[in-house]
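Structures are listed in the sections that come next.
Common to both upcoming complexes is subunit A, partnered first by subunit B, then by subunit C.
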Partner chain A sequence: MAKFSPYENNGGTCVAVAGDGYCVVAADTRLSVGYSILTRDHSKICQLADKCILASSGFQGDIKALQKNLAAKELVYEHNHNKKMSCPAMAQLLSNTLYYKRFFPYYTFNVLGGLDSQGKGCVFTYDAVGSYERTGYSAQGTGAKLITPVLDNKLKSPNPLILPARDAVTPLSESEAVDLVKDVFASATERDIYTGDKLEIVVINSSGIHREYIELRKD
Partner chain B sequence: MMKPDMSALETHFGAPAGEDCGLLFDVDDSSMPAMEFPNCPNFDRFQAKTKDMVKNKRGTTTLAFIFDRGVIVAADSRASMGGYISSQTVRKIIEINPYMLGTMAGGAADCQFWHRNLGTKCRLHELANKRRISVTGASKLLANILYSYRGMGLSIGTMIAGWDEKGPGLYYVDSEGARLKGNRFSVGSGSLYAYGILDEGYRFKMSIEEAGELARRAIYHATFRDGASGGCVSVYHVGPDGWTKLSGDDVGELHFQYYPVQKTPVEQEMVDASPSTA
Partner chain C sequence: MASDTGASYGSTLRYKSVERIKAVGKHSLIGASGEFSDFQEILRYLDELTLSDHMWDDGNSLGPKEIHSYLTRVMYNRRNKFDPLWNSLVLGGVKKGPKGEEKYLGMVSMIGTHFEENHIATGFGNHLAIPILRAEWREDMTFEEAVKLVEKCLLVLLYRDRSSINKFQIAKITTEGATIYPPYSLKTYWGFSHFENPAQGAVGSW
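== the complex of A and B ==
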């Protein structure tokens, strides 16, 4: 008699890359359970504020609950402070929201992308219980271990903890970053069974939010 | 969700997370963020495997010591999940306020959250009492919270270092409930290697540069031998005017500073020979 588990891994991969004045957030759209594909058309990306996008992989039940929870908290913030939440503020809120369920965690692996108040791209990467860090790029999910080494190779910047501080500007332009993300997902699709079908790419820059879809291998 | 009976510990949880959106803490003596507990027979072992899987475990090396000019605090910057390095740029030294630092070892989220909570409490203490909190007081606040969560799976091994009216102060606090006052501590998987260098080179009277260099060397040697430590060495100094960051160095580059590559004679011969064969 199998013991009931409240968790399940629905697979998928999320990636975000930040640059000077833009942020690219991308995720595949495959939803799986075990060896079955439940749907090829499920978005893992949620817009929380006008310059703030959350991409999450893991257990879809917890992801939906988390996204709704955050959207509601953002609305309350807007009503209390008469302005939308900034990306760093949302990053802290997400961390606390995850930690409040420290003893029954959200099984979600999140990547938050957006623009900070100076208009520079920012990416925040999380573990399942809320530890977070601002980075220049991040990958989470089943394909993350395949993707992260490639992003390290292309985008790795000097460690921000080094003194005297070295300038860490992402060398890529917005279109180069989008091309890199497409390539990296194409490679992850080849070797990860849970990644594929379609890629949803969302680009945030000063002129707003722009979304596109790319076909990936469906096998 | 059912709450287990905690009355024996004489603590009480604040309002359930829903009422104030969980964004604000209740301001009272033992204020603690309310956490939901799963309604199940064996709370401690609930989803133990899954919790272990999702926790961002950390190998680490951190150290801190008191000397005549204050306190030196140093740490590496690697976070690992089992055998995978999840980050090389983790901030393991947390700035609780301008004159107090905390170090992180153990669960990343646990350390981040509770140190931030400690910073909030220290600020509330300042506002309520019109004076800064002592290192003794701050470490006690943290230790009491961690003791009340004892056995629930938090993993925190931290050192609270600061300068208060009594001078430099250093405490080790962990999630088992221990709170120790001392002059020299190192915490983490690489701590044994760091102790080797630290204990050998330590003297009470040192200049700030010498002390910083000792700390840097100790962490470097720990990252050299311990696979779970690496990235960057950050060294901080806490003096009567607060803390300053002394240095941040990539461990890979530090290696060649300490152990520069020696050119061997064979290489020289090859360089000389090549023009004639060309």
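== the complex of A and C ==
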């Protein structure tokens, strides 16, 4: 007798890369359940504030609830503080929101990307219960294990303990970072059955937000 | 939207004339598979919703997008309480919006997974019907062409899904309103030579 499970993994991969003055957030648009594809055109990306984008993979019911929850809290913040939430502030809020459900977690693997108050790119990476870290780049989701080693090779910054302190964000230009993201997704699509169909890339920089879509393998 | 009119109870075909597609408000249709009593409960929730909406008397009415959003929340919240409504819901409709007639089709599962697509199927339909719809659906189909396409899917399901029966209902929703057509059957063909003498060539003594 099968027991009711409140969770399912709808698959997908999210990646974010921070640069000096820009941030690239990308996610595929495939929604799966088991061995079936439900739809090839479902966005995992949500704009929470001016300079703050959330990409989530995992259980889509929880993703939607989490994104709605955060969007509502951001609105309350705006009403109270008369300004939009900054990316680092949203980062802390996301962590607290996830930990609030520590004993019935949101099955979501999140990557938050945007510009901090100084206009520099920032990426925050999370586990399902809210443990988080600010990094220069991150991948989460079913294709993360395939993508992270490649990003490490291209983007990994030197040990944070050495002196003088070196920047965590990549010295790559915006277009080079976007090309890298396209490449890693093409690679992950080859071997991860849950990643593919279409890639949604969102770039935030000082002039605003720019969205682009590229096709991925549909098998 | 189309469904068969059977409702099983385990391996027993308990009810043979069940209407699994209903109109909701002026702009939407809801179809369900799974636990029929939970579908009836959902129809009660939707009745309350559409009644309150009507009582506002403000010239607005709930469209398919809104109903889909409401149902997603209902299903997700029941899942959160570990007491799910055991259904797969299909929500379709047409409503006049600022950009003209906006058509909508979406699905909600029993744990709150939801999405919007040009073609939706539940249960075995995901495996047998969706491949046909993905290959042959076009944006500019007429109603008659769409019915033919849907009947092609229903026929495949009739042949290959043990729980389906040969009695179907088609429902249509347009800006003029909802029409649920009376039930009818599809013509099936069983005259294959292999079925004439099924034991011929079989290995074994029986």
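By definition in this document, the second predicted complex is superposed on the first by the 212 of 219 C-alpha atoms of A that agree within 3 Å, B and C clash if a C-alpha of one lies under 4 Å from a C-alpha of the other, contacts with A are read in each partner's own complex, and residues count from 1 in each chain.
The definition used in the following text is that a residue touches a chain if its C-beta (ideal position, glycine included) is under 8 Å from a C-beta of that chain, and two chains touch if they have at least 3 such contacts.
Note that the structure is predicted; figures quoted are calculated from it, not measured.
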item: Between subunit B and subunit C, more extensive residue contact with subunit A; value: B
item: Partner chain(s) touched by A:132 [first = subunit B, second = subunit C, both, neither]; value: first
item: Subunit B versus subunit C as contact partner of A:39, first or second or both or neither; value: second
item: First (subunit B), second (subunit C), both or neither touched by A:64; value: second
item: Touching partner for A:162 - first (subunit B), second (subunit C), both, neither; value: first
item: Partner chain(s) touched by A:98 [first = subunit B, second = subunit C, both, neither]; value: first
item: Which superposed partner A:31 touches (first subunit B, second subunit C, both, neither); value: second
item: Partner chain in contact with A:6 - subunit B first, subunit C second, else both or neither; value: both
item: Set intersection of subunit A contacts, subunit C complex versus subunit B complex; value: 6-7, 104
item: Subunit B partner contacts - residues on subunit A that touch it in the complex; value: 5-7, 73, 76, 93, 95-105, 107, 125, 127-133, 135, 145, 158-163
item: Parts of subunit A lying in touch with subunit C, wherever the complex brings them together; value: 4, 6-8, 10, 31, 33, 36, 38-39, 41-42, 59-61, 64-65, 104
item: Residue ranges of subunit B touching subunit A (in the complex, touch as defined); value: 17, 21-23, 33-38, 43, 46-47, 50-51, 54-56, 77, 81, 84, 86-91, 107-113, 152-154, 231-232, 234, 245-250
item: Residue ranges of subunit C in contact with subunit A within the complex; value: 72, 76, 79-80, 82, 84, 107, 109, 111-117, 126-127, 130
